[in-house]
Every structure is written in C-alpha cells, then in structure tokens.
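In structure tokens below, several structures.
After this come two complexes, each holding chain A, first together with chain B and then together with chain C.
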Partner chain A sequence: MRAADSSQVGEIDADICIIVEGCYPYINGGVSSWIDWLLRGNPQSTFAVVPILSQRESRPMKYELPANVTCYRELYLNRPVTPPLWLSRGKSDPKGIRLAEALTELLHGGGLATFRRIAEIVNEPNHELTYRDLLASGLSWTAVQAMYKSSMPQASFLHFFWAWRSLFGGLFATLKFSIPRARAYHAISTGYAGLLASRAGLETGRPVLLTEHGIYTNERRIEILMAEWISDTIDKGLSLEDDRIDLRDMWMRAFDAYARICYEACDTILTLYEDNQRLQLALGADRGRLQVAANGIDLERFGNAVSARPGDPPTVGLIGRVVPIKDVKCFIQAVYFARQKVPDIRALVLGATDEDKSYFAECQTLVRDLDLDDVVTFTGPVKITEYFSKLHVIALTSLSEAQPLVLLEAGAAAIPCVATDVGSCREIVEGRSSEDPALGPGGRVTELVNPKQIGSAIAELLLDDKLRETLGQALQSRVRAYYGSEQALENYRALYARHTRAVPQPNPDRRERWRA
Partner chain B sequence: MLDRAGAADRPIGKLTTLSLAAICETATLFLAWSHDAAIAAALAGHLATVVGFGLFGSRVFAADRILFHLSLMSIAIAGPIGALGMMFVVAWLWMRLPGADLNAWYRRLSGGQDEAPAVRLHEQILQARSFRPGRHAVDHLPSLLHAPLPKQQALLGLIGLDYHPEYAGLLREALHSEEPSIRAHAAAVSVKLRAKFKDELKAARLCIAESQDPSRRMNALARMRAAADSGFLDEAEAAAARAEALTCCSAHRDYSPEWHLLYLRLSADHEQWSSIRDDFKRRREPFNAGAKELYIRSLIELGDAPGINELIGPTRSSSIASGGAYACG
Partner chain C sequence: MAGITIPARDLDRTRDGASPIVSMAHAAIVAAGPWLYTVLAILLVGGIAEPLAGENAVTAFRVQVMYSFCLSLIGSAPFIIVAVRGFSDDLFSRRADHVPSIYLGASAAACVCTTVIAASALLLLIGADLYVVASGTVSAGVLSLCWVGVAFTGVLRDHRQLTIAFSAGLIVGALLAIGAARAALGPCGMVVGFALGFFLIFAWATARILATFTTSDPARGGPVLVLFRLLRQHRHLAIAGFMAAAGIWADKWVLWGGSYAQVTVTGLPYVPQYEAAMFAAALTLLPSLALMVASLETNFFEAYRYYLGAIEGHATLQRLEQLASSLEKRTIRAVGNILSVQGAICATVVVIAPAIIERAGMNFAHLTTLRAVVIAGLCQVCFVACSSIVLFFDRAGFYAALQTVFVVLVSVCTWLATFAGERFLGAGYLTAALVSAALALVAVACTFRDANIIVFIASANRQQA
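Presenting the complex of A and B:
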C-alpha cells in the first residue's frame, strides 16, 4: 500500500468527494436535501458522489444530480459471492491469522492504525485479496475461526460466523472499492462512509472532513441494543458487568471502532449544534478538530411565504416522512387530544408515505380508530411553501433529530412550532443561552412520547391568535439572525477552499498522525 | 442447500444412473477394443455418455452437487472404472452415514432447534454460555440511570428486549433524563414496546376469534392481560382488553386449573372480589397456591371474617382445644 502522497493533484475526478450512507440520492429527507443544497450551493467546485447502499437499488433517484457532480459511483455493502468449487484443506493460512488479529484488535479499541494494517493486509501490492478471498475462502475460514477463539469463545459459532460475514462484509467492501480521486473527502457520517473517507485519506494523503447530523454511532447503538434479530447466545441475565462478548457486543464494538477510525482520520469534524459534540468527544474525537456548522435555509424563499390567517380553519402540520423515527402516531394521538379543545382542528401530515409502508398503514389504522378521518390528511410529498398559507402551527414529534430544517423553514415563515426536546429543537425554539439579545420563545418544547402534552401545546397555540403571532415573530427573528443559507454555505466554501489547496509535497504532519 | 441426508436416504437413483453410465462406457470400450467401432466413434460414444450423465445426472444428484461433479469427472477421466468407483462411494456413504443423523446435523448447522432442551442446556453450560454471575453482579437497576452513558444505554436495551411492568418507572425516568441521547434512546424503546404490545393485543384477539384450541386461547388471553398491564396501552384500551379477556375466560374457567387461575387473576384485575369468593364456594376441589392466595385476598377485601375463620377452620379449633397459639386467654 503506497504511503500518503499528494503528488497526484493533476489527475482528479473532482474537487470534493462526498461520501454518504443510506439516503442521498434515493431517499427524500433532511440529510438528502442538505446534500443537494451543499452541491448546488457550491457551483465553483466539482463533486464526486459515492452513495453507500446495501445493494443495488431498484427504485429511482429522488434527487437529480447537479451539473457540478462530475463523478458518481455506488458502493454496495452486500455483494453476492460465488464460493469456489474446491477448498484446499490443510494448515491455517498465515494471512488469515494476521487478518483475524487485526480485526480482533479493532474490536478491542483499535483505531486508525489498526485500520491501516487491515487495509495493508487486504490490498498488499501484488498479493491483493479479492472480495471472494475475504468472505469465501480458506483464508476467510482461518480468520473466522481464529477470531472466534480469541474474542468470543463462549458465543455460538454458528451465529458468530454469519454475523462476521455480515459485519465485516461491509468493511471489506469499503476496502475493495475504487475510490474517486479528489482533492478532499467529505463523509456525511461515521460508519461505512467514515471508513471509506478514512481509507481515501490514508491512500491519497488528502484531507478528510466529516459532517455529522445525528450521531451515527449512537443511532446504531440504540438499534443494536433493541434489535430482536440479533441472537443473545450467552445468558447474562440482568448483569451489565459480564465481560463475555456476545454478538450484540460485537456489533456495537465494530461501529464504535469505525467511529474512532473516522475521528482520527479527519482534519475537521463538524456537527450542527453544540450538544452533539458531547457524544463525539465521548466516542474519541479530538476536541481541537471539532466545529459547529449550523444548517441554513433560503431565508428569502421561506420568508416570503404567506402565513395562514386567524380566521382560517385551525390547522397544524407535521412536515416529515411517515416513518417510526418521526413518531407520526404520537402526532395523530396529539391531534386527538387537541381536538377535545379545538373541535374544528385540521391536521396535515406533509411528507412521503412510501418509505415504510407497514408503518404508514398503522398510522392510517390509528386515524380510523381515533375517528380522525375527517381531521387528518396525509398529503404525500409536497412543496412545503405552498402549504404554509394553510398552517397555523408546525408540530415535530420526532424521537431523534439533529437540526430539523422544517423548524427553520417554518420559523422563516413566522409559523410557531411545537417540538419534542430532541436534537437542537430547544436551541431553535427557545434560543441558545448565549443569545444576545434574547429573542424569546418561538413555540413550545415538549417531552418525548407525550401526546397529551403535545396536544395541549398545539391547542394552546391554535386558540390564541396573539400568542401565536408573538411566538412566530420571535422564531422568525432567530432564524434570520442565525440560520441563513448563505452564511452556512459561506462556511463550507471557506472550509473547502482551505482543504483543497494543492499541496506540492506530502504533508509530514499528516503522515505522522497516521503512523502506528 | 445441500441435503446430504436426502442423498444418503435415496441412493437407488444415483446407483442406477451410475450403473447406466458404467454400462455405456463399458460398451464403448468393448466396441473400440474389439475394433467394431473406429476410435473416433468410440470417443464420440464416450463423450455422449459423459454429456448424457451430465444432463440426466444433474437432476438425480440435484441435492448433492459435490457428488455429481465428482462422478462426472470420474466418468470423464476413468470411464467405466470411474463410474464403478463412484457407485462404491455412494453405497459407502449411504451405509456409513445414517440419514436421520445427517438430517439432524444439517438442521443443527442451519440453526434449527432440533436437539432436546436438556442437550442444548448441557452444551451451553459446557461452553460457558449458560452461566450467570452471582447475585452481587446484578446491579441495582434504578441507580444505573446515573451511571456512565454506555451502562445507561445497556439498561435501556435490556428493557427494550425483555420488558416487565416493573421497569415502567425506569423508562419514565429515562425519558426525562438530562442526557439527550438517553431521552432519545428511552423514546425509541417506548415506541418499540408500544408497537409490540399493540401487536400482541391484536394477535391475541385474532387467536381467540379463530382458534378452538383451549391452550392456545388461554395463552392468547394471558397475552392480552400482559398487554393491558404493560402500561403502553391507553387506559381505555387496556380496560377494554381486560374486560374482553375476563368475559372470554369466564365461559371456560372450569376447563383446567390454569384456566381457573387466569379467570381469578382477571377477576382480581377488575376487583370482582364477590365473584371470586362465590366461585370458591361453588367449587369443592382443592385449590392450587395461586388460586388460594386470590381467594384469601378476596375475603380480606370483602372483610368477610366468617369466611376467613372457615378457611382457617379446624386448625384453629384444635389449637384452642389444645391450648395452642390461638387459644383465647
């Protein structure tokens, strides 16, 4: 594997390579829209886009790639592997042992240096391992056995084998991918996107940037801890002190390791709001590389939207995809409670309904069960600005958010919000503690999963025109002062300009950081 | 997927195919050796045998590709000797590997639950998988909400996977945690459990409506009760579920002791103490411990002193007579 070397400046596919997992350009949503905004807001730069997907997508892209996207390559984490007809028997493959040792070290606190070693084993010049070698060969069998014996001898080997293939299959896919050549690499999460960006940085010597909306590792941790499909093969009872490593621990340790690798490799680590930095620090990020870069919106576009009039039917809107993380069911229940105080209430759910069809069906059933058929309408994906004239209040009932653009967009249109206390919602609705002058609340912040409280807050705003106007204006002032699109774009232009300057000689500081 | 047991169980087809190949190869060899056929024709005959085995044999050996490929190569290289050799291999496999054992082994590899529970437990103990540390290793769960972040998350994970109503307070506390990631995690757990118990309720209702099997219906009623007690249903929904379960259970309470106990528990949920007391008076058979406990509780709730005295009954009388612990002064 060649050493960090930035002398290939003249042969690049793009200025910035954006690496994103699981959203853009196939799924509508906040992060996808943000990427689209970033690409279009930097017409002076060329971009390569690498979406990381589970497998080849059959559905169409939801976003058209702008003209400055000069390179587009998809990375599939699950690739079919045809095992060889014959497997040699005999002694263990020494390379498999080395691979197992490195992977084991990864699960036990290893970081960028360990990842580099794994990459060197896999992509050793003239002795490169293929994807098939890594997943369906004598070498891989050696690696699986060695890893099992050293890491998880109590767990079920059968379960370990399949978990190993699934988990490290993604890692191997990132190691075997053909990376676009760029002046800088920008990952939009840790996880596999962060891994690929880290590998790119190791191989090219170019800068690596990271922007985290939610904290990917924490979200995976929550999912893994609750996942029913992961077998608990070791009976630990209720003990949280048990040292034995089971499959669930393996999954969490792997994603923790991927985060460590990415944080070590990155030159700059951005997040949308300060609270997120606590988790980044806890996961091993260097405080000196952390920055906050808030999202911005087109103030003009949303600021000119016509607001709903007091005499119109009282309407609350939830702008977002109909998926469990948005807890649309909680919103529907909140509307049920709000209707007890506001009998002529109307509720709009403005967002795509095709991402999780079974959840959408449950929401529709809930609407029927609560007798809200004449109250709640699912509009599907719409142009939000066309609906602002109908909405008196925006509600956000999400379980997890980063910096929801819907609150900023509603705020720009002076529509007050009722939001759950997740992500930066409190910061947006009530302002930071350092806000000077204090602009006042722009709505209400409620507890999570409390439809009664949310319904009560919605009713309060719908019934009081004066209060609604005051809160709406406060939110609009805050959004104009701190969340403008141009300001946010300027931050990224400066960042890209700083990191894409041609470096005539390899940067010794960078190589020093990556040495074992 | 390979079904080696299937292969071992049905060797006749394979042996027949191989013997046909052996016969064709032998005939081709004989004709070539006896100069009745030109070499080219013999080669063509050999090729035809190999191709024919390839086409026909691929279906016969569909469950065992490795054996098929071996056989094809053996016939191609060694003609009749190869075919005969493979016939011995097939017969040997069949005799050496009992089909049932192979089946069990492959089911086990696939993760199917085949072995007896005792066997499984024995293996888990030997592999140090079924071993829990002593009592001192079980942390006081409520204090974990002030522990380091990974422990708090681990606790929430436990609650999400194996919920008991006693954990409801912990979950509520986590929803109000100062740590945003814990609030988000607790919310995710709440949503998951809410959906789970609603699904349980739905499935239980469906089972009661469709199934005539008493044990399945009883199990469904118990799940309905658990969903109502979980704290994740609305009050009205939970009350309706309990009432429904009680109505259904009343009709079958005499079916078995387990049904009877469930009926008593549901009645206690509805504080129908009179019903419980009357039910005991109606029945004359001995009660199990759980039922007796509910009967005693109903007497206490109703303040039925004579009933309590009757329950204690002979023990008390004999104690008084003998000047025992219950004797009055």
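Presenting the complex of A and C:
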C-alpha cells in the first residue's frame, strides 16, 4: 500500500470528493436533492463527484452539475470483462488462496484491517491484479473455489458463484477505480460508497466523512431477507446455534462488513437524527465519532407556499417516487378506507413513476381493483410547491425513511402530516423529548403497513378544519425553529473547513488506528 | 445435428438385430448424404457426357467442379459458421425475428466473398482465361449460396427436405450439364449448368426457411448490420470456419502450384493421382463420420447436457467435478471406439491398397501416397473429433488456433514433401494430420480439466459482455 506523504500534497482535483451510490445525479428526489443542495450551498468549496452505478448505460442526468463540481467520474460495479483465450484453472494460485482467506475473514467479522490486506493483495506494487485477473482468470477461480469449500460446500455452486461475483465484483471495482485527489472524502452511505471512501482514506491519509440518511445496511438487509432469488440450502430449523453460513447470510455479512470498514475508516460519522445512531453503534461505529446533522429546507421557498383552503375538495397527497420502499400500495389502500368517511376525497401521488415500472403497474391495478380511478391521480414528477395549494394533508407511508424532506417542506407550508413511524418521522411530527417549549403535534404518526389506521388518521384531519389548522401551525413552528436550510449548511461548512485544512504530514494517529 | 441423431440412437436400441446397421446407415446418410449424391451426380455426368464431349472435356469439367467446391467452401465457411451460431442462439432464446436477416445477410456475404476469392484465384493465381474465370466465379458463387441454405436447413433438422432438394437439384444440374455437353458448350458450360442445379437447392432451402421464419424485426437492423454484429461478436468462430475450410484444400493448392500438376484443357492445374488417393481415403472416413454422428455427438451431447442440467439444478461443486470427470471418461471412450473402428479400416485398406490401385486404374507409383493419406485419415478423424469437442465448450479461440495450425502445417509439410519425390506426396499431409491430432488431444484434455472454469467464468463474462 502506498503510504501518504507530504510529497503527494500537491495538485488536487477538488476540496471534497462526494461519493454516492445509486442516486445522484440520475434519480430525482430524496438523497439526490440533498446532494444538489449540499453542492450548491457550498460555493466556496470545489467538489469531485463519484456516482457509483450498477453498469454503464446512457440515460439523462436529472440534475445539472453546479459550477463548483470540478471533477466527475462514474464508478461501475459491473463491467464487462473478456476472459483470456487460454482460460485455465492451472495450479492453485497462492495469491488466489490469500485473497479467498481475506474475503472469508471479511465475512466473519473482519473490518478495516482486513480490507487493507485485501487492497494490498489486489494493488501490490509491480504485481497489481487487473479487474480481469479478479473476475475472469485462474486466480479468481482459485479464490471462488477456496471460499466455497471453506464456507458453504453444501450450497448451490451456481448461486454461490453469482453471489461471489456480485458482492466482490463491486468490491474489486472500488479497489481498481481511479480515485480523484481531494482534501477530504465524503461518502453518503456505507456499502460501496463507504468502501471507496475508506480506500481513499487508506491511500491518501486524508480525512473520511460519512453522512447516513437511511441506514444502508438495514435497507440491504430488508431486501436480502425478502429476496426470492436467493436460495436457502440449509434448513436450520429452530436452532440458534447452527453457525453454518448460507447464501443469504453471505450477502448480509458482506454488507455488514462494508459498514464496519467504513465506520472504522471515518473521522466523523453523521446522521440525520439521534435514533439512527443506535443502529450505527450496533454495527460497530465508534460513539466518539458520531454526530447528528439534521437536514434543512429553504424556509423562504416553502414557507411562502399556501396550503389548500377548507372549502376546497378534500385532498391528501403522497409526495415521493412510486417505488416499493414508499409503500404506495398502502397509501392507496388507506385512501380506500378514508373514502368511507370522506366520500369526496381526492388523492394525489406526486412523484416519478418510471423508476420501477412493474411496481407502478401494480399500483395502477390496485387503484382499479379498489374502484379509485376517480379518486387517485399519479401526476409524475412535479414542482411540489405548485401543488401545496391543492393539498390539505400530506401522507407518508414509507417502510423506511431517514429524515424525509417532504415532511419538512409540507410543515413549512403548514400542512399537517400523517406519517408511518419510521426514521425521524415521529421526531418531526411530534417533536423531540427535549423540545422546549413543546410545540405540540404536527400531525399523526401511525404503524407501518396499517392502511386502516392511516386512512382513519387522514379522514380525521380532512374532516376537522380546526384540528388541521392547529396541527399545521405546530408543524410549521417546529420546522422554522429546527430545520432551516441555512443552519444545516452552516454545520457542513464548519465540518468541511475543519477537515480540509492543509495537512503537511499524514496524521500518525490515523495511520496507527488503521494498522490495528 | 446432435438432436437428429438421438432418434438414430433410439433406433439402435431396439431388439431387432438389423437395427444397429439401419441406424448406422441412417447416420451415414445424415452425415454424408449430400456429398455422396454429388459424387454420384458427377460420375453420372461424366459417364454420359464423355461420348458427347470427349474425355479431356469431362476431366476438365470434373476439375473445375472441384475448384468451384473448394473456392465456395472457403469463401462461405466464415459466414456460415457465424450465422449458424447466431441462428442457434436465437432459437435457444425463442426469438425468431432475427433469422431472416441472418440468413439473407449470410447468403449475400458468402456469395460476394466467394466471387471475389474465386475471381482473384482463377485470374491472378491460376492465370485462367476469362471464360474459365467467369464460369468458375459464377459456379462458385452459386455453390456458396447453396451451402448457406444447406447449413440452415441442417440446423432446422429438416433432413428430409434437404434430401429431396439435393436429389432434385442434382438431377436438374446433371441434365443441364449433359445438355451443355450436347450443345458443345465445353467444360465451362457444363460447370455452369451443373451449378444451376445447386441454385435450385438454394432456392428450395430459402423457400423453406423464409416460410418458417416469416417476420423480421426492423429495429434490429438489416441483414448487413445483423451479420456484421455477429461477425464482430464471434470473430474467432469466423476465423476458425475459414481455416477449417482452407485446411481441407491447402495441400491441393500447394501441389497445383508445383511441378507435379497436370493442366486440363481449360488451363486448370490438378494432380490426378494425389486427388484420387485423397478421394479413396475420404471414402474410408465414412464409417467414422457415421459413428461420430451416431455415437460421439449424441452420447457426448447427452452427457454434456446432463452436466449443464446439474449446474442449473444447483448441484454442489463436488458433484459438478464428478460429472465433469464422468463426461471426460465417457467422451474418451467414445472417441476411442471411433478411432478403433477407423484404425481397423485404415489397416485393412493399407493391406489391400495394391488391389485398390489396380481396380481404380491408378499408378502403382502412388501406392505409398495412398497408404499415407489413409493413415492420415485416422489422425484426421481424431483431429475432427477432438476439435469439435473443444468447440462444444465454446472455446472458439482455441478451435480457431487448432485449425490455423493445421492449415500452416499441411501447407508447409506438403511443400516440403514435394522435394522428396512423387512417391512421398502424402507424407506432408500425414505429418500435418499427426501433429494436429496430437495438439487436438492435448487441447481436449485441457478442456476437460478446465470444464468447470470454462463453463462458469467464460459463460458469465460472455453474458455480461
């Protein structure tokens, strides 16, 4: 591994390298909007942006890169690779065995030190392994076989092979990527973004920051547990002591390991709300490095928006992409229940419908089946400030959220919210326990996947103008007090300033920590 | 081809004692039917036309047909092998909208390439007159179209239609050739007439294919673009196809340019005794070809499918290693059986070679040549069997390398053999076949050893690409 030294403190591509997975600049809303806000809100700093994508494909960017983005490089987790003409398993390659051992250690609790060892094997000076060596060679075959035989010799080899390629192919892609030179590296999630930032920190000695909106590992865990394409080959019955690893375990352990690596590598670990820190601590983050940095919104822009009047048709809106994590189907079912009490109810789904076309088709089918064709409208992506004047209530039925900006934006416009108890929704709607003075609830918090309860709450707010107004005012006061954009930006300005001060020599404390 | 032979093998398993013979005959016809009919047709034309046009003209006709076959096979082989691959892939994916474009693209490319090669070879290499060049180019171009049609009909396993088409085409071709002889149009006219019969075969096959695959997706591009994409994707296969075809004829081209060649009345060189010996040797390969179709292709294909099925059925690695080993043993046993049969045939022919020479009216000076090329046939069977297995594992690059080595070896060794005297003309081919067979054996051994890595890694990367 190349050690950072003062001779490398020379030309840089940018002050901060933002590393983001699977959203900015190709997906609208949510974290993408937050990144756009962060870039534009820090014009005094230059940024390199590294979006991590599944594969190269031509599609339009949904965000224009601001002028202070001086470097832009995409990292593809899946790249086509042509195997050599003479593809032979040959004799067992010792490097392949070492790689397999290190990857196995990773799945059994390994952290930054293990990742460093893997990076040293892959990028050994004068003996660097290429991406082809890692995925399409006798060496890679040695590694796959060795891991399979030591970890799960009873599993489907076909499934193991593809799982190995998916998980570690992405890891190898991060190890072979040309990292922009920056004063600090800021990952917007753990996972592969965290891996790349960790590698950057190891190689350059520069500070590494992490901001987690949702907990990436948790979201992957949900997906993996629900994945039907992962076969279970071990019947553990009710035993809790069966420590055999199956494919599903392998997937989850890999992402746990990536999170551990990132937490160990980071100087500062930020999250949007306190409750999230509990999960970060459980995944191995050091309490001393944790900070809360709440999101903020442009109070002026949203504060001037006017909400719907009492006499207007009672309308509830869900602002968000039509994807499973937003549980739009639950919203549709909730509208069905609300309609029983509010016959003239209108429901708008304000968000992109093209991200998961099959899910959108299922939502449309549900609308038809529940006879809600005249009630529910999918608007596609819109300027939400233009719709606030039509909305009496905002609903959020997500299965997982961090700090949903939509609640803050609606709150700024004094629109009360009905939200599921995920992420910081309760904190936003009902206030923190330390809120002083207590501003009162700004809406209703419900259980997840309980359309009857959600529908009931929506109906309650639509039918009672006074209650709605009171809740809306409370939410607005809370948003103005604690969730302003300027305040949030100032936090990041200070953070960046602290971490990008010129470092003439690498921090020996940091190097010692990484040697552990 | 393998699928059609499964019925043959099933036939073999009935209790009727004659069934094995019937199944072998069926396999022999499937493997070599069109070629047998063609040889019979040429013999028929020769027999009837000789009193009309004279012995020299008939000889010139036969030689020019051989040139047309040679040039058309070389010119069309790369496009046929790539097009058939694309065709098979589409059938496997249950996509039929690509097939007409592939077929028409391959036909056009084969015809254009063949006419260029034929015109260049006849004009520049041979220095033939324009009448010969024109008739040779036309006939080679027509034949190249026919080979495309035959290949696609073979993939469709429409052997009955193919047999009918060949019968009809050859009858028409023979009649036209004889008619040309009667009309004193000379060997060139006879060749063109004969080739027109093959055009009928092409037309028959085209009608069959386009009637089966009626739609074409314009979004996927026209025939030229479709074929170009396939060539780019399977460039190793294209090279392999070219080299495989060239390998069949390389020794003849070396000898045609040498001092042992005679010249027909139309100016085309040929080496009659060597070609007669090669023809006799080719006939001895018929049983092995039939065995390869009835046994190796079928048994190997079944075992290979079982192995692939185990992968898709989520077998463990240990189980896959066992199956790969079993596949290897089964294949080696099948190849061994074929080589045993071919070896026995070769030994018999080597012993009775003097009688064959006497009956065929050949020169006894070519006894050594006949024996050498018959023994070379044994090596050739080994080479074909082993290189086919390599291709089954989709190692197109390996396959192309083997074919290229064979072409180079047979050219160089044949050239060197000419210095040893006319008796030793077959030694070059024998040496090349021996070395190539050894290399193919090594290649197939490495392929079985690396079966799992080839199937998993190479396939995975191909999919992702």
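As a working rule, the second predicted complex is superposed on the first by the 501 of 516 C-alpha atoms of A that agree within 3 Å, B and C clash if a C-alpha of one lies under 4 Å from a C-alpha of the other, contacts with A are read in each partner's own complex, and residues count from 1 in each chain.
The definition used in the following text is that a contact is a pair of C-beta atoms (placed from the backbone, for glycine too) under 8 Å apart; a residue touches a chain by one contact, two chains touch by 3 or more.
Since the structure is predicted, the reported quantities are computational estimates derived from the model, not experimental observations.
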Taking chain A as the common reference, can chain B and chain C both be placed on it without clashing, or not? Answer clash or fit. clash
Which partner does A:V449 contact after superposing on A: first (chain B), second (chain C), both, neither? first
More chain A residues touched by chain B or by chain C? B
Check whether A:D242 is in contact with chain B, with chain C, with both or with neither, and answer first, second, both or neither. first
Now for A:R165: first (chain B), second (chain C), both, or neither, which partner does it touch? second
Looking at the overlay, what does A:R221 touch: chain B (first), chain C (second), both, or neither? first
Have a look at where A:P83 lands relative to chain B and chain C in the superposition and call it first, second, both or neither. second
Quick one: classify A:K149 as touching chain B (first), chain C (second), both or neither. second
Report for A:G138: first if it touches chain B alone, second if chain C alone, otherwise both or neither. second
A:A285 contacts which: chain B (first), chain C (second), both, neither? neither
Chain C stretch colliding with chain B in the overlay (listed: 243-251, 279-287 or 351-359) is 243-251
Set of chain A residues, in rising order, touched by both chain B and chain C: 85, 153-156, 158-159, 233
Contact set on chain A toward chain C in their complex: 78-83, 85-89, 135-138, 140-141, 145, 148-149, 153-159, 161-162, 165, 231, 233
Residue positions on chain A within touch of chain B in the complex are 85, 153-156, 158-159, 215, 218, 221-222, 224-226, 228, 232-242, 244, 248, 275, 279, 282, 324, 327, 329-330, 362, 399-400, 420-423, 447-449
In their shared complex, chain A is touched by residues of chain C numbered 311-312, 314-318, 320, 397-398, 401, 446, 449-450, 452-454, 456-458, 460-461, 464-465
Complex interface listing, chain B residues touching chain A: 69, 109, 111, 124, 127-133, 137-139, 141, 144, 149, 151, 153-158, 160-161, 175-176, 180-181, 183-192, 194-195
